[in-house]
Amino acid sequence: MYCFNNDYSEGAHPKILEAIQNASLDQHAGYSMDRHTEHAKELIKKAICREDVDIHMLIGGTQTNMTVISAALRPHQAVISAETGHINVHETGAVESTGHKVLTQYAADGKLTPSLIQKTLDGHTDEHMVQPKMVYISDTTEIGTQYTLSELEALSRFCRQNGLYLFLDGARLGAALTSSVNDLTLADIARLADVFYIGGTKNGALFGEALVIVHPDLKADLRFLIKQKGAMLAKGFLLGIQFEELFQDGLFFMLASHANAMASILKNAFTDCGFPFFSDSATNQQFPILPNDLIARLRESYQFQDQQAVDEDHTAVRFVTSWATSKEAVQQFAEDLKRLAHQ
Amino acid sequence: MYCFNNDYSEGAHPKILEAIQNASLDQHAGYSMDRHTEHAKELIKKAICREDVDIHMLIGGTQTNMTVISAALRPHQAVISAETGHINVHETGAVESTGHKVLTQYAADGKLTPSLIQKTLDGHTDEHMVQPKMVYISDTTEIGTQYTLSELEALSRFCRQNGLYLFLDGARLGAALTSSVNDLTLADIARLADVFYIGGTKNGALFGEALVIVHPDLKADLRFLIKQKGAMLAKGFLLGIQFEELFQDGLFFMLASHANAMASILKNAFTDCGFPFFSDSATNQQFPILPNDLIARLRESYQFQDQQAVDEDHTAVRFVTSWATSKEAVQQFAEDLKRLAHQ
Amino acid sequence: MYCFNNDYSEGAHPKILEAIQNASLDQHAGYSMDRHTEHAKELIKKAICREDVDIHMLIGGTQTNMTVISAALRPHQAVISAETGHINVHETGAVESTGHKVLTQYAADGKLTPSLIQKTLDGHTDEHMVQPKMVYISDTTEIGTQYTLSELEALSRFCRQNGLYLFLDGARLGAALTSSVNDLTLADIARLADVFYIGGTKNGALFGEALVIVHPDLKADLRFLIKQKGAMLAKGFLLGIQFEELFQDGLFFMLASHANAMASILKNAFTDCGFPFFSDSATNQQFPILPNDLIARLRESYQFQDQQAVDEDHTAVRFVTSWATSKEAVQQFAEDLKRLAHQ
Amino acid sequence: MYCFNNDYSEGAHPKILEAIQNASLDQHAGYSMDRHTEHAKELIKKAICREDVDIHMLIGGTQTNMTVISAALRPHQAVISAETGHINVHETGAVESTGHKVLTQYAADGKLTPSLIQKTLDGHTDEHMVQPKMVYISDTTEIGTQYTLSELEALSRFCRQNGLYLFLDGARLGAALTSSVNDLTLADIARLADVFYIGGTKNGALFGEALVIVHPDLKADLRFLIKQKGAMLAKGFLLGIQFEELFQDGLFFMLASHANAMASILKNAFTDCGFPFFSDSATNQQFPILPNDLIARLRESYQFQDQQAVDEDHTAVRFVTSWATSKEAVQQFAEDLKRLAHQ
């Protein structure tokens, strides 16, 4: 039974495990004050072409989102998200648990635009309503789509004109930056977003998200907030070691690139069989719309998740590849699909 | 420069790293729904001699404390802690950030007693004050002391008579259970506490705390709370694998025992030199009271933390050993101490 | 300039002011432990035909909503509301500030139905999402509509089958119960809702909402919660005195009835002029859709609020009458409207 | 049975009730946007000799404290209070419910000093602990004592040097400013505190606290916070009318002065009988230490509260007078006391 459920089914790339093993018996400063973390931060600064940022390494996405948002907002302020945004749906109300409303707009492709945000601003005009202050986007989005440079520039300009912080959740940023349709760089993101993170968990690390704070107003006292939210790892050097490996020789991009390549084999297989897609993704998540009886047959050999019922007989499903997905597995799947689809 | 700052300076015991490596390329179910975690839970149930408990594995202590306390209390309820309690001092207000007051009592040895708790109850009598509902203790305490069986029985009885949940923070439970003066077992704790955890971070794991929920009222929906607090690890199988190793062949006890043994060499050295102690610890944290000029000379070769100034010329300091502390290191320290103390 | 902005422009009915004055120099127990409050509770229990409820008197709607919802829910639980619900739009995120998500469904008439609630339940299936636990409705709704007996019975049945608390915000309950199309009684509401309140602020009192808790699970420790949320009035006897007056000789119903009668004069005037309505209201809020140029002319003599732009030339506006609105004022308005509409 | 339990047993001064009655049938703008409130703010600005402040009127003390503190602090920041501080003891954890820790120091006379605050600062040095950012004092204190000009100047200077906001809870500020030992003015307070409030509830109003924000950093968006905390009164003009009356012709000071005068009659009676006091109060709260059997006999005719047991046979009790306490009542009490004390 092969599993396409997600990109965090496997442990970590061998280089990362080896680095952890090599450093395991050394004595390290606690709570991310160690030299590996320091070095990893230098590598990331180089990769994003900026020195004037603060970098912190947290364990997972939900805690990073909740920490950043609650650190940035005053109690009456809210964050704007696409309806499908991870913070709105899949974090068990973590943002609200810190006291803040998530204001949403429906976006068919999972991407916010200036005009969608403007609609929210238009509806929030006085002190009887929350005050929108931050925009949350993810790249890639929860449905595998991604922002273009011009889209991100437009968002960034709009946010700056309207006094909104722009926060980019990059849990799957590797997949976005290495996709065939990408025209963004890490440096662009560091220039256009006020705060963002680079995901390790879904790209070959055991865990870890590297948070980059660009806007000076968002930097103060962040270590207090990280500690309070339970997000400060005692053995923080484990995060440093992992990001050192990821950003030392381009491993971060190689792993994401591999996941995308594996997904494109799946995508081609679905396309060849004539199946439409729920979203237009060039990244490691694919959302084909399949007949329910085919889904049932595929599930005899493969695990994958339902996204959403489309009609009585068809469902959009989600296939996710990872840094560890083998070419054999996706080729086998492609063959099985073709065979089963034509029965 | 050898570091006695804490028990989380090193990575993890080689067996644990090896187990992670061996399982790294397997596909695992996400979010602690995997088979390693299932197996680790079975091993822990055996070790605590109870089947009727819920077990969850979280990453660190602060997030475990905050999750348990906020899950157990209604908004107007409070938790009682010793003044020195970790939740009161060293978690940057994590408990308060979830809306709950920490009520404190001073205890010279860091341990709560029924009479101290009664003082808090006496002062909280109506709806203009918070309602005490949970008692938080740690074993070992923040100053290395530990509860005896009869002390824990008395606390447990008192809590049950007064409708208070008893929560035991076991971040250093290994050290307590393997100390020379211990008369408690894991089974005692599971019988006497309503909820407790078994610390991995400070006892040879990369990270991880195994939370055991005994009281039926505290079990409901805990996975929702864990997720909301950002404490649900995507690759939860990493926690399962580590606790499998710790509880497979007694590794958990062996590692703690080693740390205690190394600390007792330090303790003997301080005693031999005639130095008194800030607290009476038989565990891996030692708090000698040293002359400030000796402290300065020791710091040329060793790292350790200040606990508290005692008078103008003396300071209580903290030495911590770990599963990885070598006999050579502590023996060398003992020699250096004797030499410097007699200069 | 006559003001139709809302139903809280004026002070209180003379009988209420007189009662406050008469009792002003007496000494009363503080914090709603006084005899007037006790008596008012008895009167309300008679009016709702139930003895087995807890009644508390709070100052305003937002604080009542926030207190009830945060008292009822555990941290991971959410409340379901219509998109237009007061808690979702006009309370500056008060519910979220206590940690809870408001889940919404669009309802053209502002009323929730079992099938709308089912849609929310269908989308919240595991611990990665919040857990819906309470349904919030208001009667009348924010757009002047109201629930029928059969609608409320259906909602109540559905909530009980699905383990959801049903909470009815009755800030304008007087208007609902005295409208020409009403078939509900206070006793019905006490039978069908788990918790509700009877609004005084918008029906002739200086301030005050009488909260009725029916479901036993929602009763515990509510005074702690009221105090914590800053909602416990030191001179709570002022609330008791006001509700005594409102429920002594049917004043509550007379005042609401008057407001509705005044609104129906406005409604007829709009209808006579051929203007459509944004919502079908038989209560003291009317939402005619008027041409923008007529709105501008009306605003030379009257105050009223915009509800929502309908097209480039038309806007739905809101007219609200109160217990204090005079027949002369609405008749004058009717004449002015007819004159201006035909220019 | 005469009641000395507190200073909020009676309604409001007749002038205030009359003013409410006179304005009751007028139409007022909602939510404190009315002209009475505007005028009251002007009167208060004159009384404090400053124009550059923001003034808001809230209903009660707990909600004012919670609103100010949660508006001023970031999530990891804490407020420092005397152990006896109202926010620490008698608000059911309202401050903690907004996420903030209250850090306390013991002060025998209920007053904070620079050296007590310094002790708290010394213990909070890094991101593992909360960050002290605000100092909360009350004048008069909960035990009837009051700050002198030089004490307040010292506190103010210390707070400014250490980047701490100074917040003065003036629920009983009238009593402080009119006591026989007072050397402070409203203008001093507005110069020395960053934010403070002038209590109406305990000084002749039905309810109401006038919040004065001096420090520019604390002004932004306060109406959002007030609304979110349920502290924005729909009929806010009731607050404006009351403070108009209080500050029109010195009524505020006359009422407080009367309460103090009545208390001094009680104080003299206790002193004449040779009873010591728990605290040195020249204001409307007196805390004599009485024999328990005398207390029992007094309670046959008078209500008053226990403060704290002093030894087995003596208890400190609290007598409170108000703007409405009659000379006859206190003289009768003085006679009764003398008679009973000498039996």
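Some points to look at:
Each chain carries a letter (A, B, C and D) given by its place in the written order, and its residues are counted from 1.
Note that a residue touches a chain if its C-beta (ideal position, glycine included) is under 8 Å from a C-beta of that chain, and two chains touch if they have at least 3 such contacts.
All figures in this text were calculated on a predicted structure; none of them were measured in a lab.
Across the two candidate interfaces, C-D and B-D, the one carrying more C-beta contacts is C-D. Each chain gets a centre from the mean of its Cα atoms; the one farthest from the centre of subunit D is A.
With centres defined as mean CA coordinates, subunit C is found 51 Å away from subunit B. Centroids of subunit C and subunit D (each the mean of its C-alpha atoms) stand 34 Å apart. In this assembly, the C-alpha centroid of subunit B lies 42 Å from the C-alpha centroid of subunit D. Along subunit B, residues 75-76, 91-93, 97-99, 127-128, 130, 224, 227-228 each make contact with two or more other chains.
Against subunit B, in their complex, subunit C makes its touches with residues 31, 70-71, 74-76, 98-99, 127-128, 130-131, 221, 223-228. Contacts from subunit A toward subunit C in the complex involve residues 75-76, 78, 89-93, 96-102, 127-130. Within the complex formed with subunit C, the subunit D residues making contact are 2-3, 5-6, 8-12, 14, 17, 20-21, 23-30, 59-64, 66-67, 91-94, 97-98, 201-202, 206-207, 224, 227-235, 237-238, 324.
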